[in-house]
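Both of the next two complexes hold chain A, though its partner changes from chain B to chain C.
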Partner chain A sequence: MTERFRYDNRIAKDFLFITIFWGAVGMLVGLIAALELVIPDLNFAKWISFGRIRPLHTNAVIFAFVGNAFFAGAYYSMQRLLKTRMYSDVLSRIHFWGWQLIILSAAITLPLGMTQGKEYAELEWPIDIAITIVWVVFGINMMGTILKRRERHLYVAIWFYIATWVTVAMLHIFNSLAIPASLFKSYSVYAGVQDALVQWWYGHNAVAFFLTTPFLGLMYYFLPKAANRPVYSYKLSIIHFWSLIFIYIWAGPHHLLYSALPEWAQSLGVVFSVMLIAPSWGGMLNGLLTLRGAWDRVREDPVLKFFVVAVTCYGMATLEGPLLSIKSINAIAHYTDWIVAHVHIGGIGWNGFLTFGMVYWMVPRLFGNKLYSTKLANAHFWLGTLGIIFYAVPLYFAGFFQSLMWQQFTPDGFLVYKNFLDTLLEIKYAYWLRAMGGTIYLVGVFIMVYNVVKTVKAGRLIADEDAEAAALEKLDKEPGGHWHTWIERRPVQMLVWSLVAVAIGGAIEMIPTFLVKSNVPTISSVKPYTPLELQGRDIYVREGCYTCHSQMIRPFRGETERYGEYSKAGEYVYDHPFQWGSKRTGPDLHRVGGKYPDSWHYYHMWDPTTMSPGSLMPAYPALFQDALDTTTTRRKIEAMITLGVPYEKEYGADFPLRANAHLVEQSRKIAANLKGAGVETPIDMEIVALIAYLQRMGTDIKAAPASTTAAK
Partner chain B sequence: MSVIILLLLVSTSVAGLFLLGFIHAVRRGQFDDDRSPAVRILHEDDPRQTKTP
Partner chain C sequence: MLKFIKHHMDTIAGIGIYPVVSFLLFFLIFLGVLLYVRRSRREHITYMAALPLGDGEDANGSNNHAQP
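Entry: the complex of A and B
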């Protein structure tokens, strides 16, 4: 029996429009950040200084641009692939507005410095909870739609959407676990090495399951539709999906090669990362070969052009990924602009171009007319491609050569570039070119905005599109004596029981994890941060210092000569969150403690060029005007005690109450030090706390002979 | 490194979940036909275009 129904085009349209809006905003913020790197004076207010703007950029382009693009494409394709309207229009609306409110709150809180200090997971705990709720709403809506489908077979794109939903839910929850110290300040429950491992397990899989699998699903729908021919091999697409999701989950540790993470965990990550080349390239070739015999159309159709470059960039990024996971290559590329170039091939090439192709394909169909101008779309394509090249190529060069400069020695065994800044200034030209590439790319986006506006004005939204399909007949109960057939007949039941199993398993493992003492080799001389240092550390996190400075010295001669003793896992046991960083635009800071006098830091934070002429670091005058908020000290210390930091053992049970007295006492010492160097400063300014933290960093192991004991 | 056990467990659970989904899908015949689904998505289902009632 044929049934008539209507597709909800309005929700796809809303998500698509907001994608374009946030995309333009997020990329503009990225451009500002790129310019701040070459013109430090642009960091004129604390709200837009690089350390706060960079997380805003990454969150905006990942969660607002790519996220909304996925939702737009998924809401459009899912209804058509499943031959049904979405399960619930109300849930669709809640999903849409909920997600936009989350983005808005991110756009407000990140410039204010409210951050958890973990890359791509910066948003504070109330927003994390909101994300979870909205994600569940999306999941219910998606599963409901799948259950009421009129098409027995689940097209491969649907599988990609399901995998995206399940895995992102898991990653988000486990990485965001934190103990709140106030409404907008919380501490990661994990510390140091463990926090790093969880973070990069999340971080890598965010790339895998937020930027890759959803877009592969979109590719498998929109590419064949735009080419009007079936995907090259449907069988290959199924193999692509299942092999990809089983391998991707384990690749995270390749972000921590040569770090203090145990060697075996690093090797595990490398093996799976290298294996990833097979499914990735299988999928990439499957996409490109779909166009076999249709390459003449690629010449004319801007949609196909965008898709071809997108899939090619996917291929480039997924070739590079496994290569970068090989330790000897990683030793060169890690911490450099090479990685920045690599992720932008993925970001603006794969995600960006696939989205643009989708926009040009969907808008005319949603508005029942033709695209306003194919010429402008072609112009956008060429500007975008040029933008990608100008963005990435200089950074590849810059990253490679800066890394060589870091490791370069004279014949007598001294560092050629003793001053880190010299290596940065050598590659400043690449930062200019990158900003230029970004500008070109963004101009293309604005051309698209104009084209879309014109197309929309000339047409009318087909809010509810008529469709018809045969009703799905119930399958006869399968004969079979297998014990698990009962559960397989009921998909919902299976899902619920599986989730219960996961939850029980998770709980069994989590409880001992937090109760039993960590078996990271503890170094007896490593002590908790003092209240003033803790406050200073929170300023370090707030200002996003980790976006440019690492706190992880790798065991290479070039690094130990430059920075000092290589970093040990046991030094980070009180770091909630870890601040290893992933990019060195400035030098590593793990052993900066005691390297310079207090007054050096004082002048340097006021104006970095006074201490390092030519420095590209922002000045932080606000730290000299804002008094430290000491009302939070007690709650912060209490939160740390909850997390197992032994303040009570070190200072006595009533320490939270006395914390501020201790803080003032230490502030006086630093002020006296500064006074000795001819600097008069009030003791209650934020700069004092920051100096306290900077001077503490990496000094604990110098205090006593390093006696390592592996506590169970 | 106790947290790695947590991560392995969580990842394995999810992988197991996917494995169950895979076995389930295979047994329900989801992958018996590996040709026509790719073609079928190209057909529009606009009632105005259908010829048979």
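Entry: the complex of A and C
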């Protein structure tokens, strides 16, 4: 019996428009951040300094641009693949507005410096909870739609959506576990190495399950649609799906090669990362070969052009990823702009271009007319492509050569580039070119905005599109077939098995590091931070110092010569959250403690160029104007005690009450030191706390190097 | 020299089992999927592949979106 129903196009339209809006905003913020790197004076207010808006940029493009694009495509394709309207219009609305509110709160809190200090998971705990709720709303709506479908079998795109939902839920919850110290300040429940492992298990899989699997789902729907022919090999897509979700989940540790992470976990990450190339390229080839016999149309159709470049960029990024996971290559690329180039091939190439193709495909269909101008769409395509090249190529060069400079020695065995800054100034040209590439790319986006506005104005939204399909009959007898045919008919089981697949992966990766104490050898001289240092550390986190400075010295001669003793896992046991960083635009700071006098830091934070002429670091005058908020000290110490930091053992049971007295005492000492160097400063300024933290960093093992107790 | 490489994780009894379990798990699933794909019926695969094309999205026009 044929049933009549209507597709909800309004929700797809809303998500699509907001995608374009946040995309433009997120990329604009990225461009500002890029310019701040070459013109430090642009960091003129604390709310827009690089360390605060770089997380804003990454969060905006990942969760606002790519996230909304996924929702737009998913709401459009799911209804059609399942031959039904969405399960609930109300849930669709709640999902839409909830997600936008989350983004808005991110856009407010991140510039204010409210951050958990973990990359791509910066948002504070109340927002984390909101994300969980909205994600569950989306999940209910999606599963409800799947359950009331009129198509017995689930197309591969739907599996990708299901796996995305399940895995992102798991990753988000486990990585965001934190103990609040106040409404907008919390500490990760994990510390040091364990925090790093969870963070990069999350961070890598955010790439995998937020930027890749949902977009592969979109690719498997929109590419065949645009090419008007079925996917090259459906069989390959099945293999692609299961191998991809199984392998991806283990690959996280490749972000921590040569770090203090246990060797076996690093090796596990490397092996699975290298294996990833097989399913990734399977998927890429499946996408490109779908166009077999239709390549002539790629010449004329901007949608296909965007898709071809998107899939090609996916192929490039997923070739590069496994290569970068090989330790010897990683040793060169890690901490450099090579990685920045790599992620932008994925971000603006794969995600960006797939989204643009989708926009040009969906808007005329949603508004029942033709695209306003194919010419402008083509112009956008060429500007975008040019932008990608100008963005990425200089950074590849810059990253590679800067890394070589870091490790270059004279014949006598001295570092050629003693001063880190010299290596940075050598590649400043690439930062200019990158900003130029970004500008070109962004101009393309604005052309798209114009084209879309014109198209929309000339048409009318088909808010509810009529459709019809036969009702799904209840099967009296299960038809024969294999387990996969079986699972294609059972979305709930599919969801459960996807969860099992990714959960086992995550568990095997992490359980050993968590349960076996000997995995993190303890160092008896490592002590908790003093209250003042803890407050200083929170300023370090707030200002996003980790976006440019690492705290992880790898065991290479080029690094130990430059920075000092390489970093040990046991040194980070009280670091909630870890602040290893992933990019060195400035030098590593793990052994900066005691390297310079207090006054050096004082002048350097006031104006970096006074101590390092030519420095590209922002100045932090606000630290000299804002008094340290000591009302939070007690609760911060209490939160740390809850997390197992042994303050009570070190200082006595009533320490939270005495913490501020201790803080004032240490501030006086630092002020006295500064006075000795001719600097008069009130003791209650934030700069004092930051100096305390900087001077503490990495000094514990110097106190008693012989007392390192090996793991038993 | 070798001891630095060979005995790295000796402190955790049976740590080697984790990578082995992870690999076996993946390998078995992979074999299962491969087997399924090899044995699946052609009609079913063709039907599945054609799903996005037959969803009647073109209530408002044609599939030809290569507008001049």
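Here, the second predicted complex is superposed on the first by the 665 of 712 C-alpha atoms of A that agree within 3 Å, B and C clash if a C-alpha of one lies under 4 Å from a C-alpha of the other, contacts with A are read in each partner's own complex, and residues count from 1 in each chain.
Operating definition for what follows: a contact is a pair of C-beta atoms (placed from the backbone, for glycine too) under 8 Å apart; a residue touches a chain by one contact, two chains touch by 3 or more.
These numbers were taken from a predicted model, which means no experiment stands behind them.
Peer 1: Using the touch definition from the top, say if A:Tyr221 reaches chain B (first), chain C (second), both or neither.
Peer 2: both
Peer 1: Looking at the overlay, does A:Asp466 come into contact with chain B only (first), chain C only (second), both, or neither?
Peer 2: Touch status of A:Asp466: both partners.
Peer 1: Go through the superposed model and pick first if A:Thr312 touches only chain B, second if only chain C, both, or neither.
Peer 2: Neither chain B nor chain C is touched by A:Thr312.
Peer 1: Applying the touch criterion given at the start, work out whether A:Thr132 contacts chain B, chain C, both or neither, answering first, second, both or neither.
Peer 2: neither
Peer 1: Once the structures are superposed on A, label A:Val303 by its partner contacts, choosing first (chain B), second (chain C), both or neither.
Peer 2: In the superposition, A:Val303 contacts chain C only.
Peer 1: With both complexes superposed on chain A, which partner does A:Gly368 reach: first (chain B), second (chain C), both or neither?
Peer 2: second
Peer 1: After superposition on the shared chain, which partner residues are touched by A:Gln407: those of chain B (first), chain C (second), both, or neither?
Peer 2: neither
Peer 1: In the overlaid three-chain picture, which partner chain does A:Thr609 touch, first (chain B) or second (chain C), both, or neither?
Peer 2: A:Thr609 contacts neither chain B nor chain C.
Peer 1: Using the superposition on chain A described above, determine whether A:Tyr190 touches chain B (first), chain C (second), both, or neither.
Peer 2: First partner only, chain B.
Peer 1: Take the contacts of chain A with chain B and those with chain C, and give the residues found in both.
Peer 2: 80-81, 83, 153, 155-156, 221, 224-225, 228-231, 234-235, 238, 242, 246, 250, 262, 465-469, 485, 488, 501, 505, 509, 512, 516, 518-519
Peer 1: Which residues of chain B touch chain A in their complex?
Peer 2: Against chain A, chain B makes touches at 1-7, 9-11, 13-18, 20-25, 27-28, 30-31, 33-35, 37-39, 41-42, 45-48, 50, 53.
Peer 1: Can you name the residues of chain C that touch chain A in the complex?
Peer 2: Chain C reaches chain A through residues 8-9, 11-12, 15-16, 18-19, 21-23, 25-26, 29-30, 32-34, 36-37, 39-41, 44-53, 55-57, 59-61, 63, 65-68.
Peer 1: Could you pull out which chain A residues touch chain C in their complex?
Peer 2: These residues of chain A touch chain C: 77, 80-81, 83, 151, 153, 155-157, 220-221, 224-226, 228-231, 234-235, 238-239, 242-243, 246-247, 250, 262-264, 267-268, 271-272, 297, 300-301, 303, 360-361, 364-365, 368, 370-371, 374, 462, 465-469, 481-485, 488, 501, 504-505, 508-509, 511-512, 516, 518-519, 711-712.
Peer 1: Using the touch definition from the top, list the residues of chain A that touch chain B in their complex.
Peer 2: Within the complex, chain A touches chain B at residues 2, 4, 80-81, 83, 153-156, 162-163, 166-167, 170, 174, 190, 193-194, 197-198, 201, 221, 224-225, 228-231, 234-235, 237-238, 242, 245-246, 249-250, 262, 265, 465-469, 475, 478, 485, 488, 491, 494, 498, 501-502, 505-506, 509-510, 512-513, 516, 518-520.
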